[in-house]
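Here chain A shows up in two complexes: once beside chain B, once beside chain C.
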Partner chain A sequence: MKITDDSPPVLTALDRPNSYIGRSVPRPNLQRLTQGRGQYVSDVALPRMAHVAYVRSPHAHARIVKITIDAAKNATGVIAVVTGAELAKVMTPWVGVLTHLKGLKSAPQAPLAVERACWQGEAVCAVVARTRAEAEDACELVEVSYEELPAVTDPEIALDGKTPVIHASLGDNLCFERKLDVGAVDKAFAEADAVVETTFRFGRHTGVTNEPRSVVADWNEGEQRMTVYHGTQAPHMMQNLFAKHLGIAEHQVRVLTKDVGGSFGIKVHTYADEMATVALSKLLKRPVKFVADRIESFVTDIHARDHRVKAKIGVSKDGTITAFEIDDLTGIGPYSVYPRTSGIEANQVVNLVGGPYKCPNYRAQARVVFQNKNVMCQYRAVGHPIAVAVTEGLVELAAAKIGIDPLELRRRNLIADDAYPTQSASGLKFELLSHHEALAHLDSMMNYAGLRAEQKKLREKGIYRGIGFASFIEVTNPSAAFYGVGGARITSMDGATVKLDAQGAIIVHTGVTEQGQGAEAVVAQCVASSFGVPLDKVRVITGDTDNTPYGGGTWASRAAGIGGEAAWQAGKALRGNVLAVAASILQAKPEELDIRNGIVVDKANGTERLPLDELARVAYFRPDTLPPGFQAELMATRHYVPRAWPFAFTNGIQGSHLEVDVDTGFVKLLKHWCVEDCGTIINPQLVDEQIRGGVVQGIGAALFEHCLYDERGQLLNGNMADYLVPMAAEMPDIECGHVVSPTADSELGAKGAGEAGTAGAPASVMNAINDALRPLGAQPLTDMPFTPDKILRALGKV
Partner chain B sequence: MTDSAFDISLTVNGERVRERVDARKTLVDFLREDLALTGSHVGCEHGVCGACTVRVNGEIVRGCLMLAVQCDGAKVETIEGMSDSGEVADLQAAFEQRNALQCGYCTPGMIAAAQDLLRRGGVPSRDEIREHLSGNYCRCTGYHAIIDAVEAVAQARAGGR
Partner chain C sequence: MKPAPFAYKKARSLDEAVALLVEKDARLLAGGQSLIATLNMRLSAPSLLIDINGLGGLDGITVKGGAVEIGALTRHAQAERSDVIAKQAPLIARAIPHIGHPAIRNRGTLGGSIAFADPAAELPACLLALDGEIDATGPKGKRTIKAQDFFKGLFETALGPQEVLTAIRVPAADNAARVGFAELARRHGDYAIVGLAACARANGKGLSDVRLAYFGVGSTPVRAKKAELALASGNIDAAIKALDLQPHDDVQATGKVKTHLAGALLRRVAKQLLEA
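Our next item is the complex of A and B:
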């Protein structure tokens, strides 16, 4: 078994006795999952629980003329049939805007469509029954008469005067626009020795979580409380939203999130059908369960990446990049998604293009337009795959044009490793990055020179292999700058509460959530290390707004860097409290004691003084033996929020090696490498697996995944047979490497690692394909996903 | 529809079960809803993702493509049974050690499919493992760790003989 070796200790402040920081310990929650004993929301069953199925609009845009529900109401097992107008009396609508994205606008969205459906798949009527099957049967008896309206589907014409406006109250179909012009762009292009200009297209795709979105809402009329079992990334955010739109207080809402069958940003948004399910529970005064089926997932889970980017790079003969320019256009569906908005992805593209390079001249325009397709919003690596593909695609096209090796061109332009702190042309602030060290590491890890020599030889035999790269930066550990300043009640802070139980074990409640990335393990490692117990003495509890500290949850690669730091600090605080008790019992000075391996010891020589179970026994059951006036405090809470930097940027570089069959257009991935720098590595194995999983998600975008719509706004491939996802047989082995540049903002120094793989993989695969096909004179491919058909067209074979 | 229900009698994880089921009910819905065996998961309901993989009469099947009524008289084994018997304990341990699961939703099906390959004996190549698991969708891991874990168990089992 290729189990990654533990990293040698690189830390000093963190290198306590029995430290787990930097060690690949297995996650504590895995056994129940391998045994099929997990508890996903789709598994939840409650007394009197009813099931809801939704009647959904078959049209992309239609007026709802009449809904006839009589037959459905009388069907076997049916409890209620509820229309949008009725549900609007229980729950208020929402508008997905943020004030710091200036000018961003959207229209009110209701839990069920009222009067008008704006995309194919929007729920227009709810049927609640004893079983899901009976609810679906009755859905077929609901008669909805529609008057079809013109569908706006092509972003290119969404802003034309002749195109109908989707929401008349907004005046036009423009959701958000941003412009940026830094340095002297026109002069830089005029002085460049070569200019490369092309258009990149990104196929709209989606998260395809293995467990679809699921919610069980349970309104208890006797308690006046709503308990929501929810497969979500952000329980406290959802607590706020459920309360706000039901018109009740937040303390009347409890959100419980145990196991979640995959998230990737899909499960961090407000979905109308989930809100409707919660409203239905309030209306019917009983638990109501909704689990999206796969077709519903394809037409309602947020989509992402539907961007068209016209892009341009200037470069001088010596390889200096002189300027970048982009024009991004993206269609985001009929509503900006609440509460994070659908302006963030385009905004990120503007922020991130050119980010790894020291080029001071940059002009960007991004326009976000409404259309009658499913909504788009933040999905793993938000904007990064687009910005990285545009930047790195341009860089490799420029390298080819002036005849410089693509790695060498990067060496000449990447921000120097000793240039920090610094900032990008777009204004991103970088504390400490390591582009050059990462590149050098990748170069040797993949034996680049050897691969180039092999490539040359194989070409003579008619075998076309390609090598492609992508340098990248990644936004992690977001501060309030991401959402809080824009008025959204999405906290960037996270907390951990740590208590000593009566046998000397540690119970941790944390505001971050476990989506499978290993947050529980990382939190346990932090607490075990800073407090001083073996890992098996730490139990972590997540996902319960009644019991965990207030926190943001899991998004933007924040769980380890923010939740981990809070846990580290809470462990330290409890250690101080426990040492005070120990000092009192032992009549010693607290500063002369330490806790190691679950035992209070003399700090100087490690002599064992008092086991924690004995300390707990005295503190809990014989406090009368402690000095008068001394109170043991065996529970501590600490919070952490990044303050010094708006985001902790990480960096890295990926390499892709592949072979293109020039007769069939098929791409065979041979190997993939990623070197990244997420600062302090708490658990090397978990970081590597975040990278690997992220890379494959990015490969999916590059080669397979595409939500195909026709011009009437109908999704043509809303199933897993026609919408292709990466499966084991087509995927390569992925080798990971690391550079460690900790952030000084926290004591741990950990940054995020959840999105780096997805950020860089599409670009490196694209560049490798173009590298393979370059000697054949193929037009560079810039239109993802790169299907065999597109490759054969580029080769002029079809 | 509900008026066409049938009595079925079968063995599930070694226990004799007698239930009345709708003709349209899939095996995985029967296992999850009627028997509360929620270790088998529902991902796509059209035979692509493999999250519902269970064993019927010794062969792995998609629990979403087989009807419960087709299992009358059959011997059905789910992850709960395979776990309790210890049959896949080494695979489970390797998955845990190698972090070959993240959200864990695909894992029961993935382990059933891996065990199906390993029961044939020998040490399959990484490509053969990838091929055999190519009907089981995992969105989290990128598969590399899963291949590592299955390969390690294949080698351990071969070495142990």
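Our next item is the complex of A and C:
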């Protein structure tokens, strides 16, 4: 992929003399990681550490009649064989509900299935041995007799009276339902000149991380403490959950999260097998390690999407969109995932459809149903790819129907750039967005007119190229409105502690975590800039609930916007403290001094007054020379939580250019563009790579990735050969452009950028395919992923 | 994803490898690119792995008596870089870049690929198209098997339980030889949904001796004999119509789609055959 960088020169307000804000500095962890010195949980080895492997249900739904463990218990290297009933004595079950998602219900889930297995892959028995290989050998000796139960797999019939109810105690298979009716929808459709109605389908897929889920749990009986080395996005959330379900206090649990090999939202949930591993450590009083292998990852890592959305748009002849209506149905597996629930994605779809547009008339219904497949929950861009594909799919179908250029139709309907603050029909509050500027930027970046001319010429030669767009909004920097108000102990706040060491370098402890996305770099840049030291004088420490400030971690594109602001403020606070020391040493006024590049200088003219190492020497070793009563404070902590807005919405637009081989149904991606507005850009390269990575995952959803289940709930392609993760050879060059509308809620002004690519890419690819095939009279494709099979069928070739 | 326990022995000679194969459930280990995956996924659990990687004399590429002979332990990458193969076995040269990715081609061997006989693999189809031969050595000594008699069924070959594949042989290409190769895979390096390896002889402006070997459409590579005849008579559309493959559905495509794609491939490959 070619890397282009057209980021505008960023910022003035944050331009301190040695500012790193807006600069593509290399990440501090680069050398360490490329030299193989990362500290992944998979690398952790502790004395007396045992390994666990799980016996998993081969059935989608089955009663566990009997588990015979004798042979396994006597196998070489085996330490313990533990069933669900035994583990239930160590750890309590959990229920994935949130009170602000009214009516959402779910059943208690245990670390190991007790009476019933509810999906293929659910763990039913644990085998702990000296090595993982011995544990796997012994797993084959565990005899489980099952009585197969009917599997509910098709969401369409999950609510039928005839379909068995998965959890009798819940009464039906409905997890959550939401309805919304705003404006005068029926009237708007009646008065529209054209109405387009279609059904969109989104295949189940999953976030395939380089490093699988992994955990090492170490119960120390002497200390009565549990230390958990955990590849997670949210250490403090997990600290709470481990403590709660082991029945101990939070201070008895330490979660350590160093390097994590990719997360994408997969690693921010409670997994039964990870909880079981922690419980086993408590039971066996020794360290126990679990690293999911690929096969178990596919059947247990949360899946996402799997929505069926019936959707409708009304449009008048002049191109005004008059109404949107959707009916979303999604199957989420047998349990709502704890603690964030599996209702959030459908809820987001309802919130986000129509979001970029002025249209005031909107009706939505969403139903979330249980089924006997792997659980579904929040994966990168939660709900956005669905809402954006539905909205933008409808917009382009409407444009085609009334014969208006798709970009022009957007120009006529996108919320005006000077209309802020404002809100969407669904009630989302927007502080400041830039749809029109982004669209204009995209238009010129891709040379839209030129591409249309080329498209026309090539069609005459039988070459079918398509151009597709997707305007989008993205939820970032969530406040407590996301989870806290629903009763979940998931903080939306984050903190940073910075301290000056005895040679004038800075150590930062931050609550956000590093998943490979570069959060450490962003935190270092913020502190180096606001405090005033060269970047190489800043060391960032993440992921340790004993030592890092309480924080939410990394999810919902929050690390830079929230963690970055806390770091910025902490650096500023420490600068104040250090200048007080400098002033007392130099007998100057603190307000006349500044710190630049690690040296205390005169603010007015930059004259060097005192290097930080000298200041630190005096403060730490000769405090006797400071004025009586003066105490140097060389450590400062600041927290930040967004308060003015529930979410810092960002926006953008993507464009896809591709060619469809009409003989084979194969799609060749030629180029992809994304213009987005994440407010202040702290590190342009990291932002662009977040966009590109996100686009690639969105392309995965549009063309490749699909968890294929049969009607009995068996996953058919749960391996890296048959589940198609997008790979470099098929990816187009991805060009990024930016508009900068900072949020005024923080001094930094940064919003999130982690999910924008994933939000818009599937829609733009879908629209481009339909644009390519339109002259051939193909039925519009609305069923992701768009395989050659589906394209050939749309063309009537098979 | 840890294999079940197995014993390991490194063979010091071909004879030793053959002798070791007496053990029930013993398997030869060549590049390991197919075998190790099946072990780790516990799809197979041999009791003994006999490592043949150290054996000398099994990895040469030579031209003998109008044929190109390729030793069983020749790595895909070695064949990919070979001038002899580029010039005298151009069908194999065209096929190899489609096999997996560079790391896989560095380890994987041609002998392993033929012996493993994956129905979607490139090389078995090339061998069938080229009317090649396979040399095998067993307890009763050496024998040669024609490609058309070698591929028996799904992952099943004519090799006996105690035989080692030592080399493959294909006719060296001359000026009149024409080859064509195309496959359709969703991602570069994946096993193909459908692929076609073809060869023919130039005959004036037309073709004779057309041989079309499809892969990914059955349990073995499959000749499309009726289409071969139609193509030799110069009619591409008739050749496509004459395709009588009966591919099954799999996770990548339905049989119907595969049949359609086989036709699209034939059009492309026919063009290659007709270009000098």
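Heads up, the rule we're going with is that the second predicted complex is superposed on the first by the 788 of 798 C-alpha atoms of A that agree within 3 Å, B and C clash if a C-alpha of one lies under 4 Å from a C-alpha of the other, contacts with A are read in each partner's own complex, and residues count from 1 in each chain.
The definition used in the following text is that contacts are C-beta pairs under 8 Å (C-beta built on N, C-alpha and C of every residue); 3 or more make two chains touch, one makes a residue touch a chain.
Because the structure is a prediction, the values reported are computed rather than measured.
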Which of chain B and chain C A:Pro788 touches, first, second, both or neither: second
Which partner, chain B or chain C, touches more chain A residues: B
Chain B versus chain C as contact partner of A:Met727, first or second or both or neither: both
First, second, both or neither for A:Phe264, with chain B first and chain C second: first
Contacts of A:Asp137 with chain B and chain C, given as first, second, both or neither: both
Touched partner set for A:Leu708, first chain B, second chain C, both or neither: second
Chain C-contacting residues of chain A that also contact chain B: 131, 133, 137, 293-294, 719, 721, 726-727, 729-730
Footprint of chain B on chain A - complex, ascending: 1-3, 26-27, 30-31, 33-40, 42-43, 45, 76, 131, 133-134, 137, 207-212, 259-264, 293-294, 515-518, 685-686, 689, 692-697, 719-721, 725-731, 733-734, 757
Residues of chain A touching chain C in the complex: 131-133, 136-137, 140, 293-295, 663-666, 704, 708, 716-717, 719, 721-722, 724, 726-727, 729-730, 787-789, 792, 797-798
Chain B residues within the chain A interface of the complex: 1-2, 22, 24-25, 32-33, 36-46, 48-49, 51, 78-80, 83, 91-92, 94-99, 101-108, 111, 126, 129-131, 133-149, 151-152
Interfacial residue positions of chain C with respect to chain A in the complex: 1-5, 41-42, 184, 186-191, 193, 251-254, 256-257, 260-261, 264, 267
